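Shown below is the structure under consideration.
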Amino acid sequence: MKNTIGSSVALTIFGESHGTAIGAVLDGIAPGIPVDEEFIAHQMGLRKSVGSISTPRREADEVKILSGVFEGKTTGTPITFMIQNQDTKSKDYGELAYKARPGHADYPANMKYHGFQDFRGGGHFSGRITAGIVAAGAVAISALRAKGITIGTHILSCAGVSDRSFGDIPSDIEKLSDAQFAVLDESVKDAMIEKIEAARADGDSVGGKLETAVYGFPAGVGEPWFDTLESVLSHMLFSIPAVKGVEFGDGFGITDMLGSQANDCYRNVDGKVVTSSNHNGGITGGISNGMPLLFRTAVKPTPSIYKEQETIDLNTGENTTLQIKGRHDPAIIHRARVVVDSAAALVLCDQLALRYGTDWLR
Amino acid sequence: MKNTIGSSVALTIFGESHGTAIGAVLDGIAPGIPVDEEFIAHQMGLRKSVGSISTPRREADEVKILSGVFEGKTTGTPITFMIQNQDTKSKDYGELAYKARPGHADYPANMKYHGFQDFRGGGHFSGRITAGIVAAGAVAISALRAKGITIGTHILSCAGVSDRSFGDIPSDIEKLSDAQFAVLDESVKDAMIEKIEAARADGDSVGGKLETAVYGFPAGVGEPWFDTLESVLSHMLFSIPAVKGVEFGDGFGITDMLGSQANDCYRNVDGKVVTSSNHNGGITGGISNGMPLLFRTAVKPTPSIYKEQETIDLNTGENTTLQIKGRHDPAIIHRARVVVDSAAALVLCDQLALRYGTDWLR
Amino acid sequence: MKNTIGSSVALTIFGESHGTAIGAVLDGIAPGIPVDEEFIAHQMGLRKSVGSISTPRREADEVKILSGVFEGKTTGTPITFMIQNQDTKSKDYGELAYKARPGHADYPANMKYHGFQDFRGGGHFSGRITAGIVAAGAVAISALRAKGITIGTHILSCAGVSDRSFGDIPSDIEKLSDAQFAVLDESVKDAMIEKIEAARADGDSVGGKLETAVYGFPAGVGEPWFDTLESVLSHMLFSIPAVKGVEFGDGFGITDMLGSQANDCYRNVDGKVVTSSNHNGGITGGISNGMPLLFRTAVKPTPSIYKEQETIDLNTGENTTLQIKGRHDPAIIHRARVVVDSAAALVLCDQLALRYGTDWLR
Amino acid sequence: MKNTIGSSVALTIFGESHGTAIGAVLDGIAPGIPVDEEFIAHQMGLRKSVGSISTPRREADEVKILSGVFEGKTTGTPITFMIQNQDTKSKDYGELAYKARPGHADYPANMKYHGFQDFRGGGHFSGRITAGIVAAGAVAISALRAKGITIGTHILSCAGVSDRSFGDIPSDIEKLSDAQFAVLDESVKDAMIEKIEAARADGDSVGGKLETAVYGFPAGVGEPWFDTLESVLSHMLFSIPAVKGVEFGDGFGITDMLGSQANDCYRNVDGKVVTSSNHNGGITGGISNGMPLLFRTAVKPTPSIYKEQETIDLNTGENTTLQIKGRHDPAIIHRARVVVDSAAALVLCDQLALRYGTDWLR
């Protein structure tokens, strides 16, 4: 599948950065789930560009629901979210029609689409396409929350500045839910923003790491092969633009431990099975073990920078240089976190519907 | 999908560690590809347990092809690989029927399969099931090689000891093809093995990182959403037991770079488009850019250790302790690398068949 | 998959009869294919209700393309077709909120969606949803035509009145392309329309059979299992509302023949392999043999009729009677034929892209 | 997907008529279901060639279970069924290596597999491959039966001789369960067998129609698009060799009715919702309505006949004649009926698991 992901709960996305509209079709979500348009708008707001640390492109990002909601509740049939593009300045992008931006998809896209792709503003490769994921994800997040499953993502590091890791997970998730710049330790926020603004001032960009926790997810969901929970989550996460790494639990860090350190021992605490540590991020053998799911996502620095770069001319194949004009994000890490929440929520809804049936989420 | 992965080229695996047989069905591989049973045996040999750094369980791992090969060539219809289990000592596993091994799937499997799973030797969760992937992968690797696409994986680190990274990729891949303990810098091998043996002596285990390179993969393969090359590779890689992290190019390391450092600039060198660096691991926008594919896989320490561990009794739910007897691997990193090669080759064959049609690989 | 069908070329549909908009997302169509909006409008026109033999509901059915087309050509990324609903008279449908219409999906939908479905005008079950298939199908039909593959469907029978079967297939297909009431023998048209009008006058409805031919489809496409050409075509065709039977070649009629009569013998005619008969409808062993594809589709009489019918009250479960008001089609067979053409074209594009790669259609 | 079908419950088949072994992998069946090897053998027996109305090829068809069953119950992981080929007389097939049998897949297979397919005995196209479906289907049938869902198929017509249609469905299904030649009206059996023997004597073959009923299937299962119950059942049924038509309820016969005749009116009978007729075969809007599922399958006459036929030489492309030697079935309709039962049961298990979750069937 290409622009469709999921099996029982499936998402299809569409659109180009400077086209008429972008959006998503969310299929298979259980009937009878309240759809809170304010919450959708709230989530869209978390993805928005704001202040000096984001692109000056300002989009209303008003989500119009075309289908699948009746009298304020899901019908069980496809929910279509449409977001009209408005603030498009395509004239800025003239030179980009034939010069491949380093770090971007222009050159491989040209090899795949033979020059017919809509190059304006990154076209279908644009981070803007994630708006559809956030709109659909809002419904998924609401549905999970009604079942006691919450999800939160924070900026674990940005441009080398680190946030603290998750502590008390339910309250940390709660804390993150409204944050425009999501860190757990508020004291690191200014240092991160300073780094982003410095990069912007220099015509450059920065990246970062996101850390996500899911609380209340039941044990016994996922498959040993090939749809491990890690597999299906990473499949989705790696389709978010700029993501170059995904790790669960202690991830790459676990490789230096001994087995006796890495193993999470089961304990019966007041009649509930828990593990005394969570190095495996709540997943063993591909299946949830009832502990919080924990994963981290590596987001590369935004490839669109003002600095002059070497590249080739796609028409002639000759070497040339390129100075990208237009409006860019010096960082997307703060905007990406709600995309990760949304994407993960959609995957988890699918897994739960596969495991417990299509009615379970209502 | 559960035990089936892929779309145009698809793999289905089956079997339990102590059952009658394990194996795999490889479907959709182009007709007319020579099937070299010696090469299959060679690849199976790379996965075998050897010496003191692996489990004492010794399996002939003879692969029997039941279908899909006629007169030494693929027919285009499903190829079935069967490997009979022989050296099973199920009596060793009695206590494991009801005590959940930490770090293993026992507890989540119990929540999913309600106690009906075959617990012996890890059952369907056993690393042994990867033998089917290696058998099928051998056909995929051969098919790719005939098209000029080679693949190699080495132990980038083991128990804290590091190998050098890839240098001249084609010759490095060549060098790795026969190595039973695959490192690029032979001088680090002894230190790694020493660490493994020390862990074994201590009833413990170690993990490591694998690094993989794919050479000769054409530009223009993969999707922007949701089947990015990273998505489909990570989906497969995370289903290999013990894998807890996957990163492409510089992965998590790229998050501390500036955009101007991380971007790979396109250059025309003697009429060929290349990038002057490869921080993105040959993939931008989810699509191959013609540079070598590069990724790393985090393998946790083997969870089966001799040391006594705390756990619960699955029948009573009560706290207890467990000392795992039986035969274990103090490390699997050296055996896992051919699994990664095989798994990746299968995914790439699928992508190529989707992009260029079902005849392309022959 | 639910509202998504296809693998390399995939269609997702959405919408409800009386919702904001209906539409479809067509993914995976090759880049660079001209999109002729006039041809789309032409095809939409063939599906429209006209005259006294259709519902008085009149929809402009203007197709708005939201994505995937750039400078008049496909980009290779998802094409979104949106059709706004306009002439909705929901007040007509009050009683239908709780009385299950016989022959319709109301009762099973209630068992599936627990009453949350949008019941107005049939909601997501409405034949109106096929408008999205027709819009997307227009692009598929154009793409096939550019490769020399044409497709045509006629009303083989309606209310017991029969048309002649296909004769010279290319010219018959050509003849059908603009027909609002598609029969091959114009002389039977009036008798069919008379029957439809008689049913309408009586508050009743009629059904019919459609016959489809595909010309120029290459040999060697399809799978022995489980994606036979018959399987993938019937999967799509049976999702068109009111379809209750699908047969290929002589279909049910072949069951009374002897093998020596039913077998299509291969002949070399001027260097081209053909069969001297086509009882198998161009498909043997699930794979195309180069002869025209031939199939027939059974369309039941429209279930919405004015006549009073017995049914139950969905709220109380009690027996009651129902007289459906609102606007109905006394027949849909003449409108369904372009849906069958479109649906089949989409399936065939998918099969061709799987077989020959994603670039083949351009 | 090719040789894999289904989503939550999936079947993968493999093998060639004269290869080492054929078989199937059944994935996703709920854990804890008793696997009755005697019942599997019983079902295999119903598919066997017997007496003078079948091929003289006699296969033990002993099913060996390689995985997925532990202590007599399903584990929830893939169940692998292997059937070794024994009575293969490949020398009979020499001429068939290069002459395309009319009505068979030889020519289209050659266009797809470029001559690398295993032509012996039909290879992967052979009806013999359905043995794997019957073995897997036996587990599905058992699982359904434990939930009160039964299924039965009879020979509605053979060579023009007709059986009566279903009457009291539960007892008719019961009656069919052990019948080697499954008719409801025993008095038509001899006439059918006479026709088959006459065809055999004449070196010819006959076809027929099968009729299937499913009793006890719950309402509310299936999708409006594109996975209607009709779609998923027909997808499977059309992959059974020789099937050329599928119809539900009154199928093609419904097209001549008026809406007022074809509509099945809902009635509350003793607190249970039923319909007073079942022209729609238990499915409206793609979803089950709680009435028995009813469908018919058209099976063409066996294409392998002794009579000389015209064809081409696949190597030279020249016209030639062919007289097929070897062992053939003058009819397969009596053997196909258990294949239809099995195939349908597998599809229904998948639908139930998708609807109610992976635990529902246990």
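To keep things simple, chains are lettered A, B, C and D as they appear, and every chain counts its residues starting from 1.
We take it that a contact is a pair of C-beta atoms (placed from the backbone, for glycine too) under 8 Å apart; a residue touches a chain by one contact, two chains touch by 3 or more.
Predicted model, so just to flag it, every value in this text is computed and none were measured.
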## Note on the structure
The chain pair with the larger count of contacting C-beta pairs, comparing A-C against A-D, is A-C
### Query
Taking mean CA positions as centres, which chain lies farthest from chain B?
C
### Query
Hey, how far is the Cα centre of chain A from the one of chain B, in Å?
27
### Summary
Taking each chain's mean CA coordinate, chain A and chain C are separated, in whole Å, by 38
## Note on the structure
So, in whole Å, the Cα centroid of chain A is separated from that of chain D by 45
### Task
Scan chain D for residues touching two or more other chains and write them down.
1-4, 7, 13, 77, 112, 124, 224, 355, 359
#### Entry: In the complex, chain B residues that touch chain D
1-4, 7, 10, 12-16, 19-23, 25, 27-28, 31-32, 64-68, 70, 73-80, 82, 112-114, 116-118, 123-124, 359, 362
### Task
Give every residue of chain B touching chain C within the complex, in rising order.
7-8, 77, 224, 354-360
### Query
Considering the complex alone, what residue numbers of chain B touch chain A?
1-5, 7, 13, 100, 102-105, 107-112, 124-125, 129, 157, 159-160, 199, 204-209, 218-228, 230-232, 234-236, 238-239, 241, 243-252, 254-268, 271, 273, 275-276, 279-281, 283-290, 296, 298-305, 307, 309-312, 317-319, 355
